[in-house]
Amino acid sequence: MSEPKLTQKDVQEILDLVESAAHVVDFSLKYGDVEVRVSRRDPAEGMQPAAASAVPASTVRPDVPAVPDAPAAPAKTATTGAAKAAGVPPGMVAIKAPMVGTFYRASAPGAAPFVEVGQKVTPDSVVCIIEVMKLMSSISAGVAGSVKEIRVADSEPVQFGQVLIVIEPDA
Amino acid sequence: MSEPKLTQKDVQEILDLVESAAHVVDFSLKYGDVEVRVSRRDPAEGMQPAAASAVPASTVRPDVPAVPDAPAAPAKTATTGAAKAAGVPPGMVAIKAPMVGTFYRASAPGAAPFVEVGQKVTPDSVVCIIEVMKLMSSISAGVAGSVKEIRVADSEPVQFGQVLIVIEPDA
Amino acid sequence: MAGPLRRVLVANRGEIALRVIRACRELGLETVAVHSEADSDSLPVRAADQAVCIGHAPSAKSYLDPRAIVGAALAYRADAIHPGYGFLSEKAAFAELCAEQGITFVGPDAGVIAQMGDKIAARRVAKAAGVPTTPGSEGAVADRAQALKIALEIGFPVLLKAAAGGGGRGMRIVTRAEDLERLLGEAMGEAAVAFGDPAIYVERYLTNVRHIEIQVLGDGEHVVHLGERDCSVQRRNQKLVEEAPSPVLDAELRRRIGESAVALCRQVGYKSAGTVEYILDQNSGEFYFMEMNTRIQVEHPVTEMVTGVDLVKWQLRIAGGEKLSLRQEGIRTHGHAIECRINAEDHEHGFAPCPGRVADYLAPGGPGVRVDSHMESGCEVPPYYDSLLAKVICWGENREEAVARMRRALGEIRLEGVKTTVAFHRQLLEHAEFCAGRCNTRFVHDVLGY
Amino acid sequence: MAGPLRRVLVANRGEIALRVIRACRELGLETVAVHSEADSDSLPVRAADQAVCIGHAPSAKSYLDPRAIVGAALAYRADAIHPGYGFLSEKAAFAELCAEQGITFVGPDAGVIAQMGDKIAARRVAKAAGVPTTPGSEGAVADRAQALKIALEIGFPVLLKAAAGGGGRGMRIVTRAEDLERLLGEAMGEAAVAFGDPAIYVERYLTNVRHIEIQVLGDGEHVVHLGERDCSVQRRNQKLVEEAPSPVLDAELRRRIGESAVALCRQVGYKSAGTVEYILDQNSGEFYFMEMNTRIQVEHPVTEMVTGVDLVKWQLRIAGGEKLSLRQEGIRTHGHAIECRINAEDHEHGFAPCPGRVADYLAPGGPGVRVDSHMESGCEVPPYYDSLLAKVICWGENREEAVARMRRALGEIRLEGVKTTVAFHRQLLEHAEFCAGRCNTRFVHDVLGY
């Protein structure tokens, strides 16, 4: 019963450690058949997509804290935020909700969506809005590339850390 | 949690199967790092000690059913009868209680014990008595050899299957 | 054997063994759990102060072996044996053997067990106590002619029942006079094989009945009742759900049934906990004595939850010579309680037993929920014994709250690795007829289709 | 917001989140569990109809973030928020924000929370309602001279207390006049840092006191009380064991305290469940208002077990606009209940928190045992939150039976992998003074030496 397993919380703690250690740029850990690799750069230097990794660095507006992904923990059910964040193919960058709220694809009802699948984006491109109590936060791509997937329908609620949009970064 | 393990119950079932199949004389099963080997003969032909085995055939009076040993199951505590039955060195024959009751080393209070450690015994030698409700059942060695250990003190209660005496069989 | 108890041997397994150990612990009594080889690594065995293996897995070689059990009590110096339910709990010879060997049997005297275990004798006691019995023969019928005479008096359909019987064996429903001879022959043959006694009696066959039973406690002098349990949700005479109070009794009927049970027990100087079982004919509103169980019952927690009285502790106290301090006027019931029996059974395939390993167990909790269970993660459900895994008992201020709580609790229980009757119970608890408190003993068969 | 509730957001974690979800389920209400990343794989998250992650593990980024919680309620269309205890449950601004956003806050109005959250204001309300308060200053003392004047009036020792405070911060005991100036300065400084408010008041310091609290329910019009809880077993103002009824109240004192709590609540038109806390001076037999908690409390199950009233369901019903159907004369207590808080703490090392993984969990069961816990085998106890793992609540027909049952239950509980306070409780339950019902709030320190 007490045989050690790497849980989501362990991964989270490792990531917190990595995040808090300013000098760490690349980190990898192999444990049983779970491999965790994290690459990051100083935000001041601009975002850079992570290399193919089980845990890509989050890509959100520089003014909101990153929401690190975790490999699917040996969770008993898959209804939680972290589980929803899983399943981003290697090489892709996930844009995750920096807060709980309502997801909007356009600036106003009836307006054209900020992005469509296939569309090219630059790091500054606004890709969606999250509304909390009438306050709109626009979310930027944070990376240059093209929109691979839009995972949430317009006006749907999103939880913290949920993958909203997947970007294929430019090579 | 649900990974299969060989339990005491499984072993018991296997042994029951072996016991009920009259034509089986030797049986062995290897499962992970647990190995079970059982040798038996028709009681009519007389008892024959099992070969070095994790599960030696029980050696009790022919008129009481055998009490097969089981390798220590992944039990949570070691207070049970089967656990007490464990720990008989390879090559030794355990004489086990065929019933719950009170163990006596002699035929009457003050009489000489049936056997002492080091004493030679034949299959017919009475080695102890178990009393249940004033009814005395004398237990025979069932094997030729010498008494290696006497595990229960005189007048102590014994449970079904508990190892009473260990015999080192003659080569 | 008089005097307070010190060390109690628990001659049972599963949840009821744990229940008895818990009661002993609360009373400061030492416990010896006897067990078969199949139960060596079970929760009650580990919960007891001492565990003693008494034989092989099959019940006949362990839990049903009186000599092994009394022998263990003597060798391990227990001064009392609690038999639980089932196994040897209603074997007069076992209670007799305990008495012979100077061991206190936690239950009534062997004579009372024998008397109540014989259906015809029990009916005679009931009649003598003024307790209504189903119209039918005084005792076993001598022959076809007598059976026919009685059947014509009470009117068809009639029920033929084995005097020594139980569980439906030796039982026949006769709807027409011309079938009587053949069915009587069949019933006698079956009874002879099953119980070693071909005696058959005849009674009126009632169709729209509820099973109502009265919990009693007696100390040999005083007798009180603790209200009724309604056990009408049955399948093939196996109770599945029990509740208290019954949704169909009014105060007057409740008083009359309760008093009749007390009268019956006074008639025999009843000592210990017992249950007087009745059928309530919903068509006529009449109730009839069916039988008396001279032991603790599976469904006893239902009564404990509405009265606050610990029945098993009272059994032990009475066995130790204590007098009942409860008086009838001091016993109040509060709220409503329901019990669901969670069995390792596949209800979609004829409730076939499904032994196996319980990979993960988590009991429901929170307000108003009691769980009596010997389950734990990783435990084995052996194939040798009955399939009861857990009893979930829910209390509510009223029946509606108790039912809502039970639905909630059954949504929480985790019993992975074996098939269980949880899904059956959830279906039952959603059924409008059950929720309305309307069902008879044929409900599970006729309405739910099992 | 009026009208019955439909979907309730549970703004808490651990056992109380599960408790609220259970109540919602029994009432047929949908549930949304909000959680931090540390609790993604927790039992309440899986028990809810829907789970929403609202932020990082530290409470400030999740459970204490009003915008995240109200935002989640709006996005996921919950019409009410149940705050549990701790976190935002007594933050008037949070209740206010809920109201602004059209979400029903399950608790009293923001104004009442604010009033009762200010100790000086609360004392004024108590006095206005005729509820005795500890002799001391009317409100905050202006300076040393005023403090000294009051101290000399009521007599040393006196207690200096932060008006905005709690948990012992900004608190000083002054035994001599010459220490007053220095300790007042210290207390004000500490209060300013801890609560942003240096206001200090002075009251008589009582040494041989019990902590008695009255559970109330109000619907804004009617108020009833559900008797007292005795929470005298504390360590550094942290309750460890609670029970009902108190072993030291007689019927007259019980009536007077209960009526005073109702008077206080009527004074403010109290709505929802609440608790009025008192100290009972065992030397004089006088009781004094201490504070009011405007939320459900950790120890509420003790009251539920002796009254049968589900307090959390009543909170939800009242929040949905239902009127209290309970009347004071209809509330009866039956028997005795005790709660032990099982924390992940090392009681041998200053009750230091011991987060970790619970390898194997098995709840105690059987008669009279209630367990409120979010534990399950393999679950994590994160280091970010309080260390409460489980509440074991035992009921008995009397205190002796409840204590015996608690000993039995604590012998059964299995919580492997983390250090817990089970051993502490077992020690306490064997102590003759505790068993005799004799202890004051210094018992754990002075007698047990913790």
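Here the chain labels run A, B, C and D in written order, and each chain numbers its own residues starting at 1.
Rule of thumb we're sticking to: a residue touches a chain if its C-beta (ideal position, glycine included) is under 8 Å from a C-beta of that chain, and two chains touch if they have at least 3 such contacts.
Only a predicted model underlies this, so the values are computations on that prediction, with no experimental measurement involved.
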Set of chains adjacent to chain B and to chain C: none
Rounded Å distance, chain A centre to chain B centre (Cα mean): 64
Centre distance in Å when chain C and chain D are each reduced to the mean of their C-alpha atoms: 43
Mean-CA-position distance for chain C and chain A (Å): 59
Distance between the centres, which are taken as Cα means, of chain D and chain A, whole angstrom: 39
Touching two or more other chains - residues of chain B: none
For chain C, residues contacting two or more additional chains: 360, 377-378
Overall pattern in which the protein chains touch one another (line/ring/star/complete/other): line
Full enumeration of touching chain pairs: A-D, B-C, C-D
Complex interface listing, chain B residues touching chain C: 1-2, 7-9, 12, 16, 65, 73, 75-77, 79-83, 99-102, 132-133, 157-162
Contacting residues of chain D [partner chain A, same complex]: 34-35, 37-38, 40-41, 45-46, 50-57, 67-68, 70-72, 74-77, 101, 357, 359-360, 377-378, 380, 382, 416-417
Contacting residues of chain C [partner chain D, same complex]: 18-19, 22, 25-28, 47, 301, 304, 308-310, 312, 334-335, 360-363, 365-373, 376-377, 395, 397, 401, 404-405, 407-408, 411-412, 414
